[in-house]
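Below is one structure, written out as structure tokens; the observations come after it.
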């Protein structure tokens, strides 16, 4: 990973600021011959698009993606795919106050300290807007995976909002797309609606916990040490704005288990090894087992809130700040499609990396 | 990061299996003129060395590091530093049973599926032995940091063992080196001794939670998107064997906070900005604030236990396995110096990366 | 270097095909605070632009560059700079014949064999059009170098066209911009005009030899083994379309010299070491000496010619091909500004890389 | 490529100085299951070993390679392979004079300027001794290629020594191994013996031109722009000590040809396309054609000669230097096996890279 690039073989470089003319992603290393169109990518972008419910920023962006290169007659050519998304609703006047003051809990101050220059109109690269580029690039990864791993399914959903958590006994995959929170628990989804509306009206914000489940991934992707697939998944999720923790399988709870409790016992099924449980989250020693991969991460609450917070100005004077722009009361909602996109990019990248080293051959069992 | 390398500028490639003749690290990109000796590095290796208490594997390894290149007349030359550690106590006979059976919760099965060949004697690259190489390389990073960032302090410690947690009110930095668990809470340290001894005698194992605090890091290291310093710290920790979750600052708890609770209010101190709290863990938008950086991670329990677990053989037959080798009842203990080493490597790497791009200049406040 | 990216710290990824909607470059790792504008970049693009004399392709491209990101209020922000150049004169009908036939000496056949899909309308990524993106990115590198190394001068010129060579005794730097060939020898420039016009009228083409001289580069850039600055310069030049050979200093002639003839004797000048000659081309052991760096490379003749050549079709049938499109009789002419751009990128990248590792400190002499 | 690493997937990092305890190579990314032993690698090292004739340095090195990791029960495991070669005949006393004086034409001065510290005993990393590590790593690449591309043949030979060139009409592959110069022309080989003996006795040195021919490489390796296989071959050869120019196919002569002369006409053979000539050197647009790949490079004469040359001391005083150590009168001789090793590494790396992106599928012709 360099400054703005992720991936080893399937490499994505995102570019663009929230208040410049456009944002986008340069996607290199995609296999040739993959069918993909702007319409295919738009499906994913529409899921992340702001302004779809009262729970995401009211900024109105079409988020229409254009493919400028790398696709010819409907299929990828194996050369760089340039994905461009124009910024259409920038309304810079909203951001006047934050040009001189640093928002607590936001990258404003560190950005300034590092670069000595920043596009104060909307957080520059720190804006959640950057993630639209990732969703577009993830759409390309999905298209390639559809050719290479037809059975793969990547599903993100919210498992916690603030202090509230879903009840896993009520987990219903079909529910995920039916509420504005990507919540798989219909009861929780309903509760959260009132909860978040209250926070929204008071100008507050709240964090969230997201999970991504990847089904149908074959065993053998990853490597034992630094190209562990969980290392790359952790890096991918931690690179999303506002993420402060990442877990694989049991995650932080693994520190509380005994060896007996943690061992996923193995037996032989008709199509290879099967496991009695999945504490490992589908990854052992950095390499996929063939079970579902589960990644979970926490998104902190948006720092842009209406309650005054103490801060300083660029000139070093003490002051308070109230952020009046159009912001997300729970930015974690939009993190769901972003995390799916990152997961798709990591899986594709590791599939290609494994194909490079092993040619896709596998050690036989049985 | 490639398969076995971490870092952008300060790049470490570890090599070697637990039961081969030697392990080591190839360290590239170190600044020239840094004073460093084998004795300096040995200090750190001795902290991780197994067999120092009854709570780590009884394998006896001198873990003596040799510098084969890159240091001349006591200082680094700017060329690759080869660090070699011989394996002296391999006792392969201990591992007879695991040649044919896969340990549940261990990389045995995925390693085999991926490569179709594996050094069954001791887990190959999946062995915790690999981390000795990281500690040696981290020692080089520490030496360079001592020249470049004299005030920096990196301290790792255990904050939880199984279901037990420290009481932060009793946090005593001086206690950390006085007990076999790197535990900063003297009461907990005493409790854990009996607890772990019980587990050890019963042939069980347990997970742990480790924290690393980095004090004295200047603001401005990192970048907004994929070279976020928290991304690299997360990847560094997740790449350590048996780690299943990583947190920065509030970590997973950030998902439960409101924007008001999470905002670290800023005021102007005599030497620049100061913060009323540190929910951010010293990192905002991927860039250091100058506050203490706090990283936390969970280590799962060793899968090598005496209780029989169901598994299969390479031939696909159902069986049970009991692992009798010399293993750690709480492998998290040895993860503490490893995590410090990884933190040192990441901070040095980002210091060099920042120096490359900005020349170390900073945006002025006040 | 990945598929479409060059550079270690200052990383450029070009994208786009000759007959798609646009081409461009994603520039990552540029230092912040560098003054740069579209007008600044346009200067360099205009030097490469086709259709400026009868000796370059008559394709009419405005080659107007747009900066879509990474520049705010006239200076770079340290984040990715997206440079976009629209294709305005694609005239695909010119390319009908080459959709089915492979041009000998062109990438048509290998492109097809590798990817199984290709944008036959204009060579896709193999088109010299790709180099406009490099020139734009090189303009950014030049802007950064103007801040960091004010005395640096990068000058490209043609030293040979076909069998004709310049007379170095007549070398006149001022002449370079006064003829359509970037030729520093006024007599040769005049001769070549008639020579190339003849070739052009007969639908033929010819190769060329280009030299780039870099003056004012400090000593100490580069590294002894694989980050040798000559390695990166060689790779940079060899990556330009149609280049088949690269030389540093004496180049291939170094193989014919004795040790006595090749040694550049050293004496002590008022500002440090000076050299009696420059067989080394300003680079010793991969590291700059402070003398002028000289790189030379050969560009093969365009394969698109009017004389029929034997070839095959995609169906494997024998045929002949005549390429009637608008092509350059001497594509080497346009390689001059491209090579300057690549040289600028390499020097900036190594300046940043050196700053990362050594902090710009130098071993003292005297 | 980072400082001391080459390759994308098959990545080699060499380490070690000429006068330290050992040198070696860390090889990452090798496919698993490749049969390889120390004996296999020694074959290649013995070809490069100094002191085999009076025409190479009389330093006596066993150059015995040890495999410390990554190979188990005779096959590669897919994990890093550490290759270690001890330095046994260092005789540092030979180097007294050059501790204070800089040899003209040698990296002494730039190394010092860059790092401010250098192992003056033998050139440190600039010593040709570093290339033994490359030969060992190249042996691993050859072993992998023997599995993956059984028909591949890589042959290096000397085509020029000083002003003398071979007569291609007398080219005899069988002759290459029968003379100390790897010369394919038996008449030239005999002439060169007397010529070089004269130079050797007078304490002089001379440059050389080397060619490597790669037969049996399939079409489709490489990529159109920066991962052009010729770019990587050029970088690989230019990274070898003392190399000043690199050519592919026609090389620098391509600049003197017309389009008609340069076009390799294509016809359809029983096994796919065949070419009437090979001006391209087996590479079109950065991608292999399936023809023989030919790379040529020039090695400058050793700067260590007995004739006094003007230079300066570290203190900046004018002086003369005579280098009395054990040096090669024609260091190009030992460059032959080194270049073969580099070629093997590049071909394997591109084979893996292509397998990653395309899965080895090819566009059909006929």
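A, B, C and D label the chains in the order they appear, each numbered from 1.
Heads up, the rule we're going with is that a contact is a pair of C-beta atoms (placed from the backbone, for glycine too) under 8 Å apart; a residue touches a chain by one contact, two chains touch by 3 or more.
Bear in mind that the values here come from a model prediction, so they are computed numbers and not experimental data.
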| item | value |
| --- | --- |
| Selected interface, B-C versus C-D, where C-beta contact pairs are more numerous | C-D |
| Identity of the chain that, by mean CA position, is farthest from subunit B | C |
| Subunit B and subunit C, separation of their C-alpha mean positions in angstrom | 45 |
| Computed distance of Cα centres, subunit D from subunit B, in Å | 38 |
| Averaged-CA centre spacing for the pair subunit D and subunit C, given as whole angstrom | 26 |
| Overlap residues in subunit A, where contacts from two or more other chains coincide | 2-5, 14, 29, 32-33, 78-79, 114-118, 124-125, 223-224, 357-358, 361 |
| Interfacial residue positions of subunit D with respect to subunit A in the complex | 9, 29-33, 78-79, 223-224, 352-353, 355-359, 361 |
| Residue ranges of subunit B in contact with subunit D within the complex | 2-5, 11, 13-17, 20-24, 26, 28-29, 32-33, 66, 68-70, 72-73, 75-82, 84, 114-119, 124-125 |
| Footprint of subunit C on subunit D - complex, ascending | 1-6, 8, 14, 102, 104-107, 109-118, 124-126, 130, 160-163, 199, 204-209, 219-228, 230-232, 234-235, 238-239, 241, 244-268, 273, 276, 279-281, 283-290, 296, 298-305, 307, 309-312, 314-318, 332, 354, 357-358, 361-366 |
